[in-house]
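So that you can tell them apart, the chains are marked A, B and C in the order they are listed, and the count of residues begins at 1 in each.
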Amino acid sequence: MALTTTLPRSTTASVAARPARKGRGGVPYAFLAPGLLLFTLFLAAPIVYAGYLSLRKVKVSGLGLGSKSRTEVWAGLSNYSRSMTDPDWLPSVYRIIGYGLIVVPVMLGLALLMALLLDANRTRPALSSFARIAIFLPYAVPAVVASLLWGFLYLPRVSPFVYALDKFGITAPELLSSSWVLYAVANVAIWGGTGFNMIVIYTALKSVPTSLYESARIDGASELAIAWRIKIPIVMPSLVMTFVFSLIATLQVFAEPITLKPLSNTISFTWTPLMKVYRDAFVRNDIYSAAATSVVIAVATFILSFGFLKLVGRRAFTQED
Amino acid sequence: MTTIPVVVKKRRTSTTATMLLLLGAAYCLLPVIWVVIASSKSAGELFSTFTLTPSTHLFDNLADLSGYRDGLYWRWMLNTALYAGVGASVSTLVSAMSGYALAKFDFPGKGFVFNVILAGVLVPGVILAIPQYLLLAKIGLTNTYWAVLLPSFISPYGIYLARIFAAAAVPTEILEASRIDGAGDWRTFARVVMPMMRTGLVTVFLFQFVAIWNNFMLPYIMLGNDKLYPLTVGLNGLLNQGANQPSMYTAVVTGALVSIVPLVALFLTLQRYWQVDLAAGGVKA
Amino acid sequence: MSKKIAPVLASLTAAALFLTTACSSSDDSPDSGSTAGNEKVALTYWSWAPNMDKVVEGWNSTHPNIQVTVNKQDGGDPAVTKLLTAIKAGSGAPDVMQAEYQKIPTLVSADALADISKEAGSLKDKFPAAAWNSVTLGGDTVYGVPQDSGPLMFFYRSDVFEKNGLQAPKTWDDYAAAAEKIHKANAKQYLGTFSASDAGLFAGLAQQAGASWWGVNGDSWTVNINDAATQKVAAYWGGLVEKGTIDNKPMYTPEWNAALNDGSQVGWVSAVWAPGVLEGSAKDTKGKWKAAPMPQWDTAAPATGNWGGSATSVTSQSKHPKEAAEFITWMNSDPAALKLLAGTANVYPAANDATSALTTPPAFFSDQSDFYSIAAEAGKQTKPFTYGPNVNVAYSAFNDAFGKAAESKKAAAFTESLATIQKATVDDMKNSGFTVAG
């Protein structure tokens, strides 16, 4: 793999946009075959199977203790109606909306801010590479481990924050109490996600030729104005994509609250929709209801993600050219 | 001179900028610093001394961790490396082939295939885990290395990225030239396309590597034998020992620290590949 | 195919081959299905008790033809989840499984356990009636052999009690008074905490008060989670939390560990296995703890409940149920095995003659020579209690409802929670098709 052809950027850009070449017979299909086969086996089939399961249920007869007392039968849409009318369902949906309203703007705002600051500090490579690595570091920490670490930092008796505030005579709020727990969970996600999004935005910023700013600087524009009028519009497409991926991650929040759950009274088994799926499947052993809720979450994810892209009119997700 | 005020202003902005950057770095490093310090404490100290005071028991803790059930922790580490290494390698190759086909060919059903794969990006792993288990159980593969590896060979996100990279990095002219030279499609792919996509493929590899390294749900469901566990599942087991066992916090904290070391090393050595432009498409080397 | 792709594929194939060999060497060798003659039988055993592999070594060294491999699990709940999924899938279950008593009806209802009455039916007299009842569900079918039990006991910091001029509480009124006195003397100290994440402990406390949350009445189930006895227990603990004389935070958290270790939690209503937990969680307080019988509702009729404890069962997917039954019989009734269980796996064996294996007190309570006689007495006073086929539904509902109640610190919320749990449990049973009376 020693051969690296570095093409002048201008060539890459102009050629890449050209129409793709015509496939000859089965060639593209042959290239796609392994991917499609694996996709079918490990993604499509399980999803179809989940859809099937969501329409089934187990019927027990009598005491349900002998063998053969359990049979699987068609359930129609009863799993769906049961899931959606569960008194815990709507609160978990509202909670996830509130959570998303905290996480997505704060995380992307921080990511954008840090990316702009890195860009502004380009002349100081030591500082900017230290900061870049430090901020990106949490991406290396699995969500389960990250939640555990933050859990230690939240609990009053083992937290250095509480200790430090106490020294100043301030009573720290109990971060896992009902009024704070949403922020406590959101913080773990923000901590873990900011660095990655920052890198995405920073990459977009770096591809902008500096000559573009120079003229603005000569015209006397402040750094803030340059950031606001030139840099942010340039990274807008990247922001849109990070928004979509953050939105998906928000809807799927699971590892953080399930890890923090045993530490507090305030995180219930149905704290987020995906936790409800987990509870039904793994705690209540009712994979049928879990499958029904899964289908609902999957459909909602599609609608939101594609709907958003349609709304902003970007075609990053669709075929280019 | 009229430039003086500009220079002064610039310096002030940049001091603020530096402060803010360092603040951000501190926020991100704090829990990591905490885990380093906590790993140096004995079990008693972990719950009695001030949390940011380091102690001297790091090596004792590492020895204890290594001694846990005849070095099971290191087996978990090897398993994780195997899952992430093999899984990400195969997944990268599969993604490269699919991404290349989607970016550089026109064929009936292309739009459909791409949209279906995109939809796959949106499906959460927790939802897939049970049906995947039930299906793999039908062919008797649960509780084996394959149960974790096979599902990780496919990454819709990897295909999505590979398509972006292929579109940006592989000029159609070169493909035409290669064809005129009489090279077959596979030869072209291996000798021309793959090298051109190299930077992008390393990024795909890293993405998938991190995703598998950090995965919890799939191995948690698939594996019953703790000799096959990856780190995440193993650490979770140390933490949740059931009501009549104390949680092994010292081992968990030390294990958590050790578990992130390889990934951090990977980040530091390969940092130039962590430059992803999701929207415009392309990795700037 | 291109020559350039070949090396890549070759290395992948090599990796795959490596995996195949790795799988077959590390994974349990598949059961051949034949048990005839001298052929070796390999059994897998899922357990979460520590050092269970050392107990099993005692069997493996003397039974070369029936070799058992232990797969350590993450605890009772994950193990059951995995087993049920494997049963649903039709493959993947171990031969032998550690099963908590409260999970046995669930497992039986899912047809996950094999009947071993032929091989183990004669063991009945070697176990306390309550434990034996848990593995037979009151019938003739035997779904496992009892392994350990967890009679409730009370543990307290004798130094703190002495300082406050207190005795170990004989009644729950004594306990409440002691809690108040300790917390008044030092606002940072609590005699205990109400843990909403430990439904098993609360069930044991209700059991002590005379509740039995499920029952079988002819051909239908009864559910009595909201009965008078449980109401009494909920109101009692809710009262203490509302007053603020005990804490409201869950157990088994770093916070709780720290509180035990630094002397903020000075008592623990727990079970016979508590010394192991205290040793790990509260190292610095060694020698300061004492064990006592449970505080009572009625000293004239001393009673206690159970928290934890499990049986060993053969799964319905085992291809060698006979050999598996032989193994679990040995493990839970052979004197040598009982000694190993008590000594290395740190469990309190359920078998009647286990007391002979338990002569010296646990290390963390080395000064208390009567530790195991208190435990034995508690074991005899354990009240009967029936578990239903959806314990997990009730327990998870308990978590959520009592989590809210504990957070609100209102006694009324505690007693109201019971109605929520009762409804969730009955609704779930009816939805599955169980016949439920009332």
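Throughout what follows, a contact is a pair of C-beta atoms (placed from the backbone, for glycine too) under 8 Å apart; a residue touches a chain by one contact, two chains touch by 3 or more.
Everything numeric here is computed off the predicted structure, so don't read it as measured data.
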| query | Is the number of contacting C-beta pairs greater for A-C or for A-B? | reply | A-B
| Hey, which chain ends up farthest from chain B, C-alpha centres compared? | C
| Whole-Å gap between the CA centroids of chain A and chain C | 37
| note | chain A to chain B, mean C-alpha position gap in Å, rounds to 14
| note | Residue ranges of chain C touching at least 2 other chains are 85, 88, 252, 254, 258, 262
| said: Residues touching two or more other chains, restricted to chain B: which are they? | reply: 47, 93, 130, 134, 189, 191, 236, 240
| Multi-chain contacts in chain A: which residues touch at least two other chains? | 152, 157-158, 262, 287
| field | chain C contact footprint on chain B (complex, rising order) | value | 43-44, 47-48, 69, 82, 86, 89-90, 93, 130, 133-134, 137-138, 140, 142-146, 149, 184, 186-187, 189-191, 220-221, 224-228, 236-237, 240-249
| task | State the interface residues of chain A toward chain B in the complex, per the touch definition above. | result | 1, 3-7, 11-13, 15-16, 18-24, 27-32, 34-36, 38-39, 41-47, 49-50, 53, 110, 113-114, 117-118, 120-121, 124, 127-146, 148-150, 152-153, 157-160, 163, 191, 194-195, 199-200, 202-204, 206-207, 217, 220, 222-224, 237-238, 240-242, 245, 248, 251-252, 254-255, 262, 274, 277-278, 281, 287, 290-291, 294, 297-298, 301-302, 305, 314, 316-317, 319-320
| request: Provide the residue numbers of chain C that touch chain A in the complex, in ascending order. | output: 77, 81, 84-85, 88, 105-106, 108-111, 137, 196-197, 216, 219-221, 248-250, 252-255, 258-259, 262, 264, 316, 389-390, 392-393, 396, 399-400, 402-404, 406-407, 428, 431-435
| remark: Listed in rising order, chain C residues that touch chain B in their complex are 1-5, 8, 12, 15, 19, 22-23, 26-28, 44, 46, 48, 50, 53, 71-76, 78, 82, 85-86, 88-92, 94, 150, 198, 200-201, 252, 254, 257-258, 261-262, 271, 273, 276-281, 283-284, 307-308
| Which chain B residues qualify as touching chain A in the complex? | 6, 9-10, 13-14, 17-18, 20-22, 24-32, 34-35, 38, 46-47, 50-52, 93-95, 97-98, 100-107, 110-111, 113-114, 116-124, 126-128, 130-132, 134-135, 150-151, 153-154, 156, 159, 167-176, 185, 189, 191, 194-196, 198, 210, 213-214, 216, 231-232, 235-236, 239-240, 252-253, 256, 259-260, 263-264, 266-268, 271, 274-285
